[in-house]
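Common to both upcoming complexes is chain A, partnered first by chain B, then by chain C.
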Partner chain A sequence: MKPDNRLLTILALLAGLLFLSPVLYSIWMSFQTATAYYTGGFEFTLDNYGRAIGQYNFARYLFNSLLVSGLVTLIGITVATMAAFAFARFDFPGGNLMFGAVVATLMIPSHISLIPNYLTLAGVGLLDTYAGLILPAISNGFAAFFLRQYIRGIPRALDEAAYMDGATPLKVLWRVIVPLARPAILSMGLYIFITEWNSYIWPLVAVGDQDLYTLQVGLARLYRINPGEGPIDWPLVMAASTITLLPVIAGFVLVERHLVRGITMGAVK
Partner chain B sequence: MSGIELRDIRKSYAGGPEVLHGVSMRIEPGEFIVIVGPSGCGKSTLLRLIAGLESCREGDILIDGKRANQLAPQDRDIAMIFQNYALYPHMTVRENIAFGLELRGMPKAQRHARADSVAATLQLTPYLGRKPGALSGGQRQRVAMGRAMARNSSTFLMDEPLSNLDNALRVAMRTEIKDLHRQLGATMIYVTHDQTEALSLADRIAVMKDGHLQQFDTPEAIYDRPQNRFVASFLGMPTMNFLPAEKLSERLGNSTRLVGLRPEMLHVELDKPLGPALPAKIVLSEMTGSDIIVHCETPAGRVTVVTARKHLPRGTGDCWISYDLDDALFFDGETGNRVEAAA
Partner chain C sequence: MLRKLTPYLLALPLMAFIAVFTYIPILTSLDLSFREWDFMSPDRPFVGLDNYTQLLNTHEFWNALRVTALFAVISVPIRLLLAIGIASFLVRETAASRLLRGALFLPSVTSTVSIAVVFSWVFATDYGMANALLSLFGLPKITWLQSPTLALWVIIIVNTWKQLGYDIIIYIAGLQAVPTELYDAAAVDGGRRFHVFRRITVPLVMPTTYFLLVVSVIEAFQIFTIVDVMTQGGPAGSTNMLVNMLYRIGFTLFDIGQGSALAVMLFVLLIVLAVIKSRVLGRKVHYEA
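Up next, the complex of A and B:
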């Protein structure tokens, strides 16, 4: 639908620019030298990106973030989809109780589980490993709950038709449920990816080895480089921020259509 | 072709009352059986038990003489057509028809050839590349039939497959289903609440009410010799007239029996006939085409008569309803069971 009021269009554009202004400002800032920034001038440079990637190891952090967020998303969405299918379609002893437990996890602040998770992973020797970053995040109660509700909306007769056609429960899930729940699964996938990408506290606690730092931990450390030796190098920090931001924007653009459909599903018949 | 036997099937849902109370029937290979009854009588539940989509609390389901209670649906060699067709919306018509073959490991070229052949039989060839959302109700119904046919199953279960179609299409598809049964020779079990479908399609009809099998017999036997008042009233349109026996004939005495007379066995006469007749007043007449349905008030109660339109002008007025007790059925006034005339 196109707005028919020119004033409304201009106001909407201004509002959009207002929301985007911090991002646009940080990108603009990332292309100038620190000297020019502090003297109020402008001098274009790509050096901040070069230093962030080379000198400050952001290429490694980017790889770590992509690996950890990618695997958490892949494993997390698989686990959540299978759990949702079981909760939506099978009656088994304790099923309702288990689903209640899953929903209850949504009400527990994540920081409460920080110390138990730390002690557990320390106990099994998984601190300072990729597994230590990934495993605590693969179970996502919200995704399981959301997908269960979505799957319950898919007619059960489709499952039954597939069983009559000769499908096993796993085939029904893979060939019937997953294709039909794709908008919801992709929406949840993006949600898990963004949540994990932005995760800061757990990677900070679970990892001491700099080679396992994720972007968020690396970015926070940029503020603390050379403390007491002059002002913070904001153009460098903004270049690192832009590197952190770009994959999320790219991911959003890729699945935006499905994400919007996922959010609005059920709103209209 | 598979023979199916149900022995004393009882079914109840968790925490709920029993919905099937010991249903038994034996279905011969290649038979076309229609299970008919009002909503909630347990007919669809019975079909789902045969399919293996639900399990019974007691009783045995035998397929080809072997107990099949514990067999998964995919191991029963049964195809099913659902009321809402249950076509996979993300697959094309060809993929829908071939899906069962794919799950059985048939190579792609073979299963597509089979799907194309089935589609040609059902006149679906132009739609093979379309998804169900782009098909009409009748075309979807055909795809559902094609999906069942592709697997060459020995038994077909159909759960009110025509209930979502308009009347003209329903009549056309009824003929196609009958033709299909003749071609395939498979055992077919068809659930409906539509008596016309039941009478026109079935080799034998199972009439159900409240989880009980009322009668299991040929359409002619069910229509002409219903076992009880429910069966007599459920099949036949308009429904059978039930009149107190003592009001029709003195020789029937003070019996508590009810006399069942089908509307087409009664005649509306403007002048008093020589034979037995009831004085009547026409209160309503409905034109149905070649026939007219006449509703009359008589001393024995409300009576419905079907007669050829040319025999009676539309309208209201006094008349006589003539009948022949040789055509009548007699029912026990208390149990509702049919009894012999002389009883």
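Up next, the complex of A and C:
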């Protein structure tokens, strides 16, 4: 590496740290006692995490977020892959119309379904349940659209060879398409997981029972309904915020490139 | 026979989800917007356009429309200008640019609620980061989030901070598609950096700019989370966006009819923008062909 490259890298690192400094400082703050924070000192503690997890139920919220995001991803990617396979490989009456309907969901703003979905779920008694959190989140056509484009790029000869050997369509999907489309499926899975993890308005509307709060709703509540009198307990709030941020940041560091590829492909298509 | 059914069976689960949770709700919203209902009472009388005329007669609606439009009109150009400027520096594949891209991109995939909470602290009057920086220069404290003139700017700053990395990534993808010979030619001509940027970079990424412009405006009209956490639409309605108003009418007041009417009006507005977007993108594809 040339010396001026190293200098540039250091400058870039500093600029990046400066840009992220509010979040970095909030993580740092979550490890101090409130007294030290308000008097300008520093005293290391894990007590904020202890209280967030114990007293303020964040262990439960973490579990809920993992469960809901995990299931939305699993079900979402499964139905999307199946549909994408149908749209990419079969010529069937109504197929284009259905694919059009899938693509059009990308243009439909989600707020229009807020009140109706609330009513639908209330009608079948699914408000305040995990199913109520999960089901409406699956009606997004982006993954199916993206995977259909990707599957069309896989040579048809591979399917046909498998059909010659007597494979059923499901077997072709599972044995030929899914392994070859793995990078795209992983990108989309990641995309769905992150979108669902960060989702706020639907969990806010669909759930009133505190034991079903996701991290997003729990964190917003903890911040807004300031526990106790006097000034906000910022170190406690930041511990809760860090619990909410960290899984995605950790995942981001591991798979940034997949994510960027998924997002730019979606935009440029 | 089964062979013929196969594609339908494969597509069925997704189509069912989309029908129940995306398409039927559009019709339900339309229907409810012509009715008066509080979610509790057994009947939902048809009231024609009453919900719409009532909404159009409230100060809250026009204020929310104005604030949301203002938010979009201010924040989108700021985002795009910053993004294209930064992207033109980060387009080369060096360690430094990859590092900085990663840092800038990170907020766009992290939790909006967390970011809103962190920035509530940054802009807190007491013990906040912004006022701490001001006091370093001997400047007085500012009540950022309690000020009707400043609160909207804080929302704009936070939203820009979160979304900027996405815009940059998209611009970089656009810039990397520009043939490098054009830059080399400009360099041979002795073009200065800003000149090259204005005369070559900006015109060549115009399709990307159109795309981002429309996507960001559509997104700006749907802003909810940052406002809900940081200001709840206040102070004095100065940050009350359309979706925040929708949430309040629908889920605090349980005025299902009026909430639906508001949802339908916002829907029509966004669909018009989305159609403009597909036209613009259609043209882009045409250019490339």
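The rule is simple: the second predicted complex is superposed on the first by the 239 of 269 C-alpha atoms of A that agree within 3 Å, B and C clash if a C-alpha of one lies under 4 Å from a C-alpha of the other, contacts with A are read in each partner's own complex, and residues count from 1 in each chain.
Just so we're on the same page, contacts are C-beta pairs under 8 Å (C-beta built on N, C-alpha and C of every residue); 3 or more make two chains touch, one makes a residue touch a chain.
Keep in mind that what you see is a predicted model, and the values were worked out from it rather than measured.
> Clash or fit: chain B and chain C on chain A?
fit
> Using the superposition on chain A described above, determine whether A:248 touches chain B (first), chain C (second), both, or neither.
second
> Is chain A touched at more residues by chain B or by chain C?
Counting contacted residues of chain A, the larger count belongs to C.
> Could you tell me if A:179 is touching chain B, chain C, both of them or neither one (first, second, both, neither)?
first
> Classify the contacts of A:83 with the two partner chains as first (chain B alone), second (chain C alone), both, or neither.
So A:83 only meets chain C here.
> If you stack the two complexes on chain A, which partner ends up touching A:95: first (chain B), second (chain C), both, or neither?
After superposing on A, A:95 lies in contact with chain C but is clear of chain B.
> With chain A at the apex, figure out the C-alpha centre angle toward chain B and chain C and round it to a multiple of 10 degrees.
100
> Should A:107 be classified as contacting the first partner (chain B), the second (chain C), both, or neither?
A:107: touches chain C, not chain B.
> Report the closest approach of chain B and chain C over their C-alpha atoms in the superposed model, as a whole number of Å.
Between chain B and chain C, the minimum C-alpha distance equals 8 Å.
> Quick check on my understanding: which residues of chain A belong to both its chain B contact set and its chain C contact set?
none
> Which part of chain B faces chain A closely enough to touch in the complex?
So the residues of chain B touching chain A come out as 14, 51-53, 72-74, 78-80, 82-84, 86-90, 99-100, 103-104, 147, 151.
> Within the complex, which stretch of chain C touches chain A?
4, 6-8, 10-11, 13-15, 17-18, 20-26, 28-29, 32, 39, 94-97, 99-100, 102-107, 109-122, 124, 126-127, 129, 166, 169-170, 173-174, 211, 215, 218, 221-222, 224-225, 228-229, 232, 243, 246-247, 250-251, 256, 259-260, 263-264, 266-267, 270-271, 274-275, 277-278
> Using the touch rule from the top, collect the residues of chain A that touch chain C in their complex.
Going through chain A, the ones touching chain C are 1, 5, 8-9, 11-13, 15-17, 19-20, 22-23, 25-26, 37-38, 78-80, 82-83, 85-87, 89-90, 92, 94-95, 98, 101-102, 105, 107-120, 135-136, 138-139, 141, 144, 169, 173, 194, 197-198, 200-201, 204-205, 215-216, 219-220, 223-224, 231-232, 234, 237-238, 241, 244-245, 248-249, 252, 256, 259-260, 263-264, 267-268.
> Please output the residues of chain A touching chain B within their complex, sorted ascending.
91, 155, 157-158, 160-168, 171, 175-176, 179-180
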